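One structure, as structure tokens, below. Some questions next.
The first chain written gets the first letter, and so on, giving A, B, C and D; residue counts start at 1 in each chain.
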């Protein structure tokens, strides 16, 4: 079933919802989901609205043009998506592969609505996995010296493969500011702690040293500031004094996969709106 | 701040959301929250919409009359509430008083938007608590023989106190069919298990005997069938072989309070729609 | 590092712990872990004790003989395991393969201390997976008519492969009483509900129909009574009215993997004692 | 039932458990619970052992003297408690009283094994509550200027009331180094975040600003460094973009009570051993 999805944000005022729903009704669209939220602190209006294209009187390519005057009137930021036009996702990964495996298996079971044409890694472990799943593998060795040139090659292949979205499935390298800008709110990372606690490297070791009784995982959009981007999803699992560092890693793996795949799925289903350093996740 | 809240359900068709939001916009209402849901199995449309009455061009008593034609057109079931007009809640309780205490403390801290004019009990433990909180206490002893006459007296005092809503804060008695009908979807119970497991009496003992590794609590609307009404909220806590029956009770208490007060709060804020034997809980 | 593990249960009386720890100390063993539990209802003593074999003055094959008099004195049920002697696990699976994949990946990452020489299935989906992981695949079609003869063949290959332990990774067939007896407390199942709720077939559909707000997964030893054996581990995830049946399946998958792999891991590490229809899980 | 409880820590070596259990058996003690843990990083042995005093051949006052040689041999740090000799707990509280209420109600329901002779506050809200529960109330106004003299008076009354243990039930003041030293590992605080995230003031505001998807509460022993002492217990609850700051406070309250009362209970039952900046919590 093909649907259209509008993600909207603008300064709150009277009549926005009426105007948007009228627009859809006017062309005989049937609204499948509609959810709105007003951030009362900043007085910003957020909306996600999805309607069936079956019987919709406007052809897909004409929707934007017809919607534009309304958007202009309310000074909207908005994006239009079609559920039938799936995103093209690239996965970056380093040595640890459980998150990569998880995305690939969920993709295979048709639980992630996307295409996965490309895996990029600075290690060789993922090569065999990419082959097993018939996905192009691009090896991109990186060090502080070659980072800029390595990223240039990465961007070239990302463009060639028409990648819309990047999932960092436990990727150990930090991107340059330019790279992050090029894929603004289109890179999702999984960090193995409940951010903002234990940002940076070795979060399980940090958690073990601090003696916490719960460990967490956080999936967030990547911004220029390390592990400080808008949080999409978090979850936790209990640990005790009996758990050694290795146990934390073991317990954390299941958590990382679950949190990461939820965030990726929501992004692919256009359920996330970023504002400031926060996210609205329409469920 | 005074707002109007509409809870709507009807067969899904095109234009419902547009019609409702237009209605509000036409009288200069500003929508604060709007959420809808379509149950795709039964093709039923659900909506909760809340708008500010500040500057709304219709006086409160006239809203229903003006909305009626629209409701008729779409064959809506609907209810209209005003946030400034708080419900009048009665609490029934037996010997165990932690859930009663919790509602009263949360009420005192202005976290429950209601009035609490009445506590009814078949035990005397709650009398002192009612006095401490300046609430009328009605002692209603019950046994299989006097149940009908006892309920008659209870209904009389409930009517006298203009009670809209009944919270069963660990109340050990089962109501008759007539009583339940009189307060259809207006009685919320807390059951100390993750229903449908361990319905009926002594759920902690049942859980202990079965050797479960998690125990739960469930808050639901009361229907004629014991512990089988529409579920509003559930939560759980982990237990282990080290926990004896008494430990289950101790751990469960915190759970019961949390689950129960959430359900009561959502009801008081008109966030729940019942359909069939399920609930839509708009958050 | 090689350790010895004793799992003990017997009627409680004075001096058991002293006798066992003295036995170990007498031969210069260093206790790594010791945990005991007394079920006060039944007055039964449970113990798990693990000691390093480095410098232990008794050779492995002689430990049982030397321990026997002590065990006899206290009328102990006991089992002795060596951490270096890993179990041989067979996995049974039907069409749904995420739990199978999860065990295999965790095995590959050295998080499950066992050997996996055999996968048995009544469907063909797992064949390719078995090949990818270099594991023998045995196809065993089953129907009510051929069940006994099919199980005979299964038992023959289980014996040939010296299987100690069977993991049912979403296996849709019910074993006969004889089969279950032959592998008493050596078959672990994953059931996709929080048992005892929603036993039997289609638990997600049952949960969806009941309108629960949490769904669960339960890992338990298989007994003659369907889904009623001793529970090892359970966990849950929240759902809402927005989740359709398919969403429940998606959310439940991560849960099933996590709960199942925990139970399997604990069994392989000899951390579980079964008594009556319950488990003691030493952590 | 009266029991003796030994909490032991020392450098790990062979024979500790055997020696301790022999000591108890030699005087005909029946061990009710025994749990040990070895921190493999630091090679430190921890033990909690509890035995019935019914039929124990040593009188209570003589146990220490008889145990001393064994303790010396293994260079143990140890403490001996008797379950029948309950601790005397003082509660410090500021304006927010839900954690205070919770301890008092649980005390009243005999779920906290202690005496509560004293409540100290820098605000007047708790005065009426103290009276309702028949507990002495001491008002102690504090500001940076009078802190030392105020604490002097507090310590005087704590000593007069023979207080063993202090529970900070949302107490907004920071103690001096001297005060903390005087009650080393005998002050438990509840902090309303998942430490180490959001230490310091206004943790809910910090969490709201960061846009986290879970909020937490942490109970820990108070040390000189603010919100940095050994963590005893933590738990979390999910939040979403729909939750405003006030909602975080509401959701957090139930969490704070639960986490705090668990930590206090475990302390009162002598289940916690502190080492370095961590805790072993025997369950």
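The rule we apply is simple: a residue touches a chain if its C-beta (ideal position, glycine included) is under 8 Å from a C-beta of that chain, and two chains touch if they have at least 3 such contacts.
Predicted, not measured: the structure shown is a model, and the values here were computed from it.
Visitor: B-C versus A-B: which interface comes out with more C-beta contact pairs?
Guide: Between B-C and A-B, the larger count of C-beta pairs in contact belongs to B-C.
Visitor: What's the chain with its C-alpha centre farthest out from chain A?
Guide: D
Visitor: Cα centroid separation between chain B and chain C, in whole Å?
Guide: About 42 Å separates the centre of chain B from that of chain C.
Visitor: Can you compute the centre-to-centre distance for chain A and chain B, using the mean CA position of each chain? Integer Å is fine.
Guide: Centre separation, chain A to chain B: 37 Å.
Visitor: Going through chain D residue by residue, note those that touch at least 2 other chains and give them in order.
Guide: Within chain D, the residues that touch at least two other chains are 37, 240, 242, 283.
Visitor: Using the touch definition from the top, list the residues of chain A that touch chain B in their complex.
Guide: Within the complex, chain A contacts chain B at residues 12-19, 21-22, 24-25, 28-38, 238.
Visitor: Hey, which residues of chain C end up touching chain B in the complex?
Guide: Contacts found on chain C: 37, 39-41, 194-198, 210-214, 216, 230-236, 240-242, 244, 276-281, 283.
Visitor: Give every residue of chain B touching chain D within the complex, in rising order.
Guide: Contacts found on chain B: 98, 101, 105, 109, 111, 132, 240, 242, 250, 254, 257-258, 261, 283.
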